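Next come two complexes, and both contain chain A; in the first it sits with chain B, in the second with chain C.
Our next item is the complex of A and B:
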């Protein structure tokens, strides 16, 4: 009986992943029906290119949600990182990229201090930090930046270049980060502790874990990934304005939830989030193709998230 | 009065109840016994409408019934009081009562019966000790005047004097022709109180016994099944007195209720701590485990004084805690393997890649040694209480320790698992570890300990070798009374 029980549980879990893939394929099929011939290599390439920044942004979000938190500053951080990178571009590409990434790590570090050391609710902490980041960025743009910042060529290539005609350059970066995350969550001590802290932080304390260290490192990692996403996004759209990534905040949470990571922490995976990000991007493509007004888009977005979250609770018994 | 037959319940692939039969007469106190995971809780939940059965039938007073909710069962006169208090902590007791439509005057009447007359209903449950909360729950259940009252391990968190009051109320119900289903792991309680006992094993009813007439041994046999003799052989004599060096020396430790306690714990011994509820034992264990900082006094490990600011400091010094509430220490959603391997990754220097093969090997070894009944991959929340506690212990076999601090490790655990755990504790001590063991069940002290210290009012009032520490002697000492043999012994304490 024991092996059967395990295989049944595994099957359901695998099936939930398959269901997501099926949903993805169904959406693509829908596009093909609406516009025969629309789904081709070029379309796939486009989808991947647009999914990459969201996927990387949602990577950081996944890490935080696994610990039972949420990071509402990811979009602000991505925007700030891209804007600072672009404004520093005249002083050298390397310096500008490092500056952008540092912004991300620094904000994540402060989030981690707030949540890990001072026990501020993650929602409050990151919401507040998001405001601080956006406000500071506005001041910075008025005080220190004279010309409209331009995106360096390297970043432009990273965000919108392709290899062999169809494979987006950003896909390589995404795949690299994705592989690191999936393996890291499964088989490093840090990955284990993220799940453990998300499941029961008191229990980890009794086992000798200093939770603040885990949270601090985790929010910093999330900040870093948000900054990377910001840079990639600025390359994709070849611009870095003050509201670059704002629209990606809720999708970053949605991708995590659709991907099956419990919003209460303690379980989930990045592979789910990847599919979640792809589903959202394809869905967006469908809605754009149908010429659906923005308001309706938002309704559908919200509805899909609610339906999937409910389905997880029912089918998988997430608490 | 109540008749249930062939009740079955599955949770996905896990079979909780195969075929349970239960017959309770009017005016009877009926015990429901079984090892952890035997299906007692599931059966209780089905009877009270918290779960619906997949198969079988229930009839009440001759009429077939099935309850779809606890409120339906309540209307039919069935109510259960659970081990864990159910009052909402942030509403006053009165608000709680109103929320659940409890008749206040009946509630007050039963409170008085339970010895809580003059209780202030404006109190917040948050501020009340656990035993009082249990009594409030009981009074609330009694206030609806149930025909059948189910008591699910209610005595597990009650000190002896309160247990007596609960018994009196149960007997009173019986005299009025009503019925009580009593669930407890304590055989002595069952023998003293119950008319008949239904024994469950592996989700099946395996026998109905009259516990009073020497039925205790039969109950144990039925509960354990074919392995009974094997386990019984293992439950052995107290462990040998210690000869090893000093593991921990506690000097004049003060924290909360704990008011200046000194003792020495040696390698190779199991030192028992006997105390009634709230005599400072929680504080003692918390200080030793680094969960709480003492107000004054010293904990000396090895030859240097230690000040633990975090459990990590205590663990580094070799002191690890097994708490009574096992879920406090476990990751419910995570697999057994990750739970057991947690100490291996706790330090920042272990955040890197895990050697999965080595980890698997050491986890499997611990699982085997403790006979944890599970697939190593399954979630901890699906295990029975006894197996969960074993997981909590297995963690430290893998993580390594010198001194094991067991705070009531067998609370709410069946007798078979208890014996296994005590067997293991003795074995660990024999292999050179030091063990400090508090148990709320005094007769168990002799099962495992070589020496006992008794706490009363935050002070160490007595110390005796295990051989003298029978239940009577411990009870006297735990109540702050001098021992019978030597009435002058405590004059100086």
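Our next item is the complex of A and C:
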């Protein structure tokens, strides 16, 4: 291999973030080629608006994956939070939002108890809690709610309003949460603990860390973020039905993986996940522009995630 | 060579005995739970008869195959989140090709579908081996691919599976208490027992319990992993065909329920998600328990939506009890 090739590989390995950005730009370029003039301020605004709920959902997923787990209940939690928020809306907006967020924190807390205290494998625990949440929500919707509830105006503005014509309101929330997560993961004690626990929980125990407390707080945070994502999403689509966020489960994991967070825990960052969420959203936009049937779109989406994850794993050399 | 094998046999037998005891301990508990739930069911519904039993075996058949598929993959240290999508694919392929034909034609179609979906399963494994991306990520992504293909084959639920083919599972040829749907479960041991006794089966257990040790013992990791996924694909295909037989309908969206419930069934059935531990008996009984819950709720006049909730709580409780048990053994 020539020196240049080696240095390119090294550059890619050390600056994987830049490669992801390049991929994002390339995808946008592809759209511009398919339909000249399609990439404009309005398009960017749309992409950001649709990426925000996914990005926030994937934020919780990132936290959990960094600790070596996976949360398969994020989509169920997001759906439940939005539905309960909407059904509580007649009793006041504040109360409804608090109720929705509480759902997320409560489910995350139970996940945390299962994973942290009882050492249940995260996959099983969150899968089971996902079933419990969806089952309870179905029961709740049939017992207590007469019709599909509407979304309050504040949430609708949060999910699909814009400032100065183009800047989505949800972007402010996403940026705020994103900054808090990036700084929190990088330079707070709790952030570093997440990596340590994900890397080797036994070593952190020997170092005097109560791993179960870290996991408990982490899963609760993931539940909270999932609930926020659910609220934003219900505002974006201006509805809160019983399958609102189901489609976002796979993308939430894919965004984390494409963003370079190891599924085995201990390494990764939220900035990668943000770009991952943007790439997936732009990808969706490409497939929509190509006007392919939904079934084909689904096949291509899956195939492209395989290719991206494979390329990433190959280039960076970690499994 | 022969001599070494003979000399090691007594020790191996003792190891196997200890392991068998531990493994069957859980399996016996699962069957005891199944028996308890059955007794409760009969207590709730005193006129529980062969008809209800037949209904249960029909409901449990696709799930039992889904659980078998997941068991195969998990024993090899992987996880297949595309089991349900593979089942849906087999189901719609069968409907598309069988529509309006007789039994013999349908049987040939079933055979071809089995081969096709087995290959799809093998492809899952091959992609994982080639790309070195974790199983969970690849199978999540391929679940989209298989489900998308299923939608391409058939856009919406369509009836039309030949009646004679449906009757292979429905009805009872021998005795009302031994419905055909129960007999069809024999496909699982017919594939599983020879496999487990073979070198390839042992290799699957080996890569599931310790991949490094397996590699150093000369196990071909790539082939064994692909084999686990291929056999998983075969069982998923059986599940899809079972769905065709028991419902008579091709449903492209049947997948998600079976993926999640198959994971529930193997966890309840005592298969360790860490790989290398467990068997087929437990998951099949667990599939019956999970299928019985909604029926019991209906007998009790409770909203069957509670079923999902109960299933979730049951899994958490079982795993927690298992975890506490492991803690006590260590202490």
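As a convention for this text, the second predicted complex is superposed on the first by the 302 of 319 C-alpha atoms of A that agree within 3 Å, B and C clash if a C-alpha of one lies under 4 Å from a C-alpha of the other, contacts with A are read in each partner's own complex, and residues count from 1 in each chain.
One rule holds for everything that comes next: contacts are C-beta pairs under 8 Å (C-beta built on N, C-alpha and C of every residue); 3 or more make two chains touch, one makes a residue touch a chain.
What you see is a predicted model, and the numbers here were worked out from it, not measured in a lab.
Colleague: So, A:188: does it touch chain B (first), chain C (second), both, or neither?
Modeller: Touch partner of A:188: chain B, not chain C.
Colleague: Pick one for A:301: touches chain B only (first), chain C only (second), both, or neither.
Modeller: The answer is second: A:301 touches chain C but not chain B.
Colleague: Between chain B and chain C, which makes contact with more of the residues in chain A?
Modeller: Touching more residues of chain A than the other partner does is C.
Colleague: Given the touch rule stated above, what does A:291 touch, chain B (first), chain C (second), both, or neither?
Modeller: After superposing on A, A:291 lies clear of both chain B and chain C.
Colleague: State whether A:266 touches chain B only (first), chain C only (second), both chains, or neither.
Modeller: first
Colleague: With the two structures laid over each other on chain A, which partner does A:200 touch: chain B (first), chain C (second), both, or neither?
Modeller: After superposing on A, A:200 lies in contact with chain B but is clear of chain C.
Colleague: Have a look at where A:213 lands relative to chain B and chain C in the superposition and call it first, second, both or neither.
Modeller: first
Colleague: Please write out, lowest number first, the residues of chain A touched by both chain B and chain C across the two complexes.
Modeller: Looking at chain A, the two contact sets intersect at 319.
Colleague: For chain C, which residues are in contact with chain A within the complex?
Modeller: Touch list, chain C to chain A: 79, 127, 130-134, 136-138, 140-145, 147-149, 151-152, 155, 260, 263-264, 267, 273-274, 303, 305-313, 315-316, 319-320, 323-324.
Colleague: If we count contacts the way the header does, which residues on chain A are in touch with chain B in the complex?
Modeller: Per the stated touch rule, the residues are 1-6, 8-9, 187-190, 192-193, 195-196, 199-200, 202-210, 213, 217, 262, 266-267, 319.
Colleague: Could you pull out which chain A residues touch chain C in their complex?
Modeller: Listed in rising order, the residues of chain A that touch chain C are 70, 114, 118-121, 123-125, 127-136, 138-139, 142-143, 250, 253-254, 257, 263-264, 293-303, 305-306, 309-310, 313-314, 319.
Colleague: Mind pulling up the chain B residues that touch chain A in the complex?
Modeller: Against chain A, the touching part of chain B is residues 12-15, 289, 291, 310-312, 315-316, 321, 323, 327-334, 338, 341-348, 350-354, 356, 375, 377-378, 395, 399.
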